[in-house]
């Protein structure tokens, strides 16, 4: 492309800096960005031996990524994750974008539902998701139509997907049914003259479909607290008579909101998931609900946003630059449908409610690197023998993150 | 490499455009190309619940790739595939190419046998391979010698490999035997003055070796129709007495031809695979055969070729460019050796013959993106209870493909 | 980054050549290197059918890598390996390097213990590691502090990690204990005026911790000879009463040295691993020891070093350049604690000692490509029925390696 060209083809462009690394043709019709995310954690628990998890170091995310554009009209994204227990393909999609108001995306990507789920993982306030995210889908495979109207005053996304268990990501359909999922999100005051209102976002998301599980793929979720210890599972066995499977309607609803202004960030999300389940000849329609409210404040050095804090300066003590520091807190809860017990879940092993409080501090060395310290305390109702409560979990997480 | 250099080292070259993204030294002795293929499918079946597969969305291929050259004499290619059920390493090879007439390739790569298999996957006429491809090897690990003689009038490739089950790719040898595989392919009229004959290619490929399977790795294939539903399996059990394993000679032969001229493309391939099998004390030499004939026509906007259609212009309606559109049809069949029944395969579950007809349409938005719609109907002989036939499969596939 | 910039931002830098392929900002604060290693092997054994392994071709390593720097202060490395049986993440770490004397590394990376393990895999003298490497950890997940003092006269590394079985790499902690690991390595004469002494390196490494295995993750190693055939395993069963698991203290010590001068290279390494094991109610503290001594000589065309031979010229026969050729030999041994038999290992299946001799030749086509031929003979004591010895293993390995 760059050898003695037939006259004046402008040379390709190279970019390397805080925004990442990329190659592109001079007319930007062909672009390739090389990206990566690396998160390395240390997890420690306050409790003794009776807890399920171990104190451990952990490579949490390892995500090299190719993304870009071909022929000026088709975007692509190949984001993998090779960390232990991660799905190897995170994002694998193609997007046609004739206009900003209408885009078509095909492949595997984040379902248009959860507020926290849709945030870039590099920007997550806490190392692990809040409880509502365990009731909404993770990645889905399918087709989505989306667009930004009136300069992002209103954004929409609606799609047809294979359908996943709550909190999960399924690569293949286990039944023949597609699941419809959609989300409306508004920044009603984006064009207002009142600066303090511009950063308010309000949304409503939902899914509707049917799911039928099998003995090998029950399509039922396992619920975990922020410390990643399981606190609720459906009953399983070696036969369908002893195993709870999805068996009919499945719908979710999630009102959600955020507000970002200067150093302040607030996010609120509620999610409810209703699903028909079956165990042998017993059937029920169960509804679980979860909620979270979080707030963060950038002490110095940057500005809060849904896409993450961008420090004004990278760390450079010799010039008095210390990056940015952000503090945050979160309250989160989840309530299991009481009808789940005891036919579909064992009350002496699965809790019926979890409530957690957490605090977090981030130090942004630059827009590409941050250190995180968090503590989160989750209390449970039920889940122990003789009607007792599962022991409270107190988890200390440290994270080092690099991204480009 | 590029800082204040000792005088006049010419700067490295960057390339970004329809041909992809690459870095290379000014003298082209060192090159790195960054490539990727993404295929996202939707599969729907006309039949009811009795079929094996599900309607599903599916990420079919997710293939980031590094390829290039070091020191001007060694090529390398690292092509992975992280899609579900794909082998993580597709191509992992090193090639020494002292001259065009003689190259040595070592590692894992496509076996030099099947015509459709050797075509770039981005150029495949139908979303899934025709039936002959299930009788020839997929990728093999080993060493290959190849070359193009007389300006590609004649090409040869011959190699020694671990050996794979029909249609399969084995990373490790399960016995001590290597399998010899080779292919001769001629373009007899490439240097002719008759333009219409230049695009004719004729070839003959084959393999010869011995294979001995084990209870854990039988080295026996599973045969699937284009809709990816299994229609033939050998008997398996928990002991060697109940399980069919490869047990001796294995050879394949595949005459093949193609013809490309202007908008027209035709491909024809026959494959036969003969293998000694054993189940307990029973032994037999079984020969399966398969064939396909396909034709395609570029309605407008491009030229047909074995490497795929390159549209004359990318989609740009404002200038009257609509990319390219291609239509195609395929007939394909496979006949299982009748001696396979009933000692080695169950006639009430495995069909003895499959025949399929299909039609396909492609819209090339550019050389880097295409949309595909196909339908394929496969009828079976045998494979159902009481001597009946397995139900006919009618599969509708859509595919969105991006590649660079 | 490169469009009509606000005045004179210097353009990013591109590099392509023997040192690899990279993009960086003009001030080098942001760098991305694209790397890869490909190793394709052929393994043949002299013995007959009674041996465990097969003659096979094998893709041994397939390692695309992103590495670089962001904001001038944080390095990152994402090295994957998709070869069969490899761990998908090899290196996944972030390193802060305020000064050369003090670096902090977090994530998954090579433990600071084994001399041969810490050598770049592209520089390994033999295709497979010597026996001491099977007693020291491979990769660990954790945090490490390291630095080079006085111009690498002394280097140190010390860290806290999850802990791994000998020779292994564990992604998650199976107990709550961290393992401390460290290494001191000196080049005492690096600043000497006696040229012949500068290349002498002496080191001492060790680990200390506690490990408690489970039925599913015993935390006990499997020992393999250079031909990759297992010659020692602990007893396992379906219950903890029949299975040997780690159960208490685990410490290792490894004195090590190398010497490189001109064409000559010598490496020596001793490793001892002591571990408390338990099987049912039986407990023991077992100590295994292993050693190796290797020497290599570059016949022509290059200079030996711990980081590998860099040929003076790439292969270019027309100018009389033939790359470089290196010959080497290695002696290696491992002795299992006699107390392991018969309570913890079966003397009729597991050998109590292995000793191996090997010879190797490398042809470096360039700094980026080499061909290797090796033979290694390993004799065993014990490991066969009736007090006999496991048959001697004679393994011929060929390797083709490309790296950038």
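As written, the chain order gives the labels A, B and C, with residue 1 at the start of each chain.
To be clear about the criterion, contacts are C-beta pairs under 8 Å (C-beta built on N, C-alpha and C of every residue); 3 or more make two chains touch, one makes a residue touch a chain.
Everything numeric here is computed off the predicted structure, so don't read it as measured data.
Undergrad: Angle of the rotation mapping chain A onto its copy chain B, from a C-alpha fit, rounded to a multiple of 5 degrees, please.
TA: To map chain A onto chain B, rotate by about 120 degrees.
Undergrad: Copies chain A, chain C: same or different interface, half of numbers shared as the threshold?
TA: On the two sides of the chain C and chain A interface, the residue numbers are mostly different, under half being shared.
Undergrad: So how far apart, in whole Å, are chain A and chain C when each is placed at the average of its C-alpha atoms?
TA: The separation of the two C-alpha centroids amounts to 37 Å.
Undergrad: Identify all positions of chain A at which a residue touches two or more other chains, and write them in rising order.
TA: Touching at least two other chains: 13-14, 23, 34, 64, 88.
Undergrad: List the residues on chain B that touch chain A in their complex, please.
TA: Chain B reaches chain A through residues 13-19, 21, 23, 34, 36, 38, 40, 42, 49, 54-59, 62, 64, 82-84, 88, 314-315, 365-369, 400-402, 404.
Undergrad: Note which residues of chain A are touching chain B in the complex, please.
TA: Answer in residue numbers: 1-3, 11-14, 23-25, 29-32, 34, 64, 66, 68, 70-74, 76, 78, 80, 88-89, 92-94, 96, 106-108, 141-143, 160-162, 171-176, 178.
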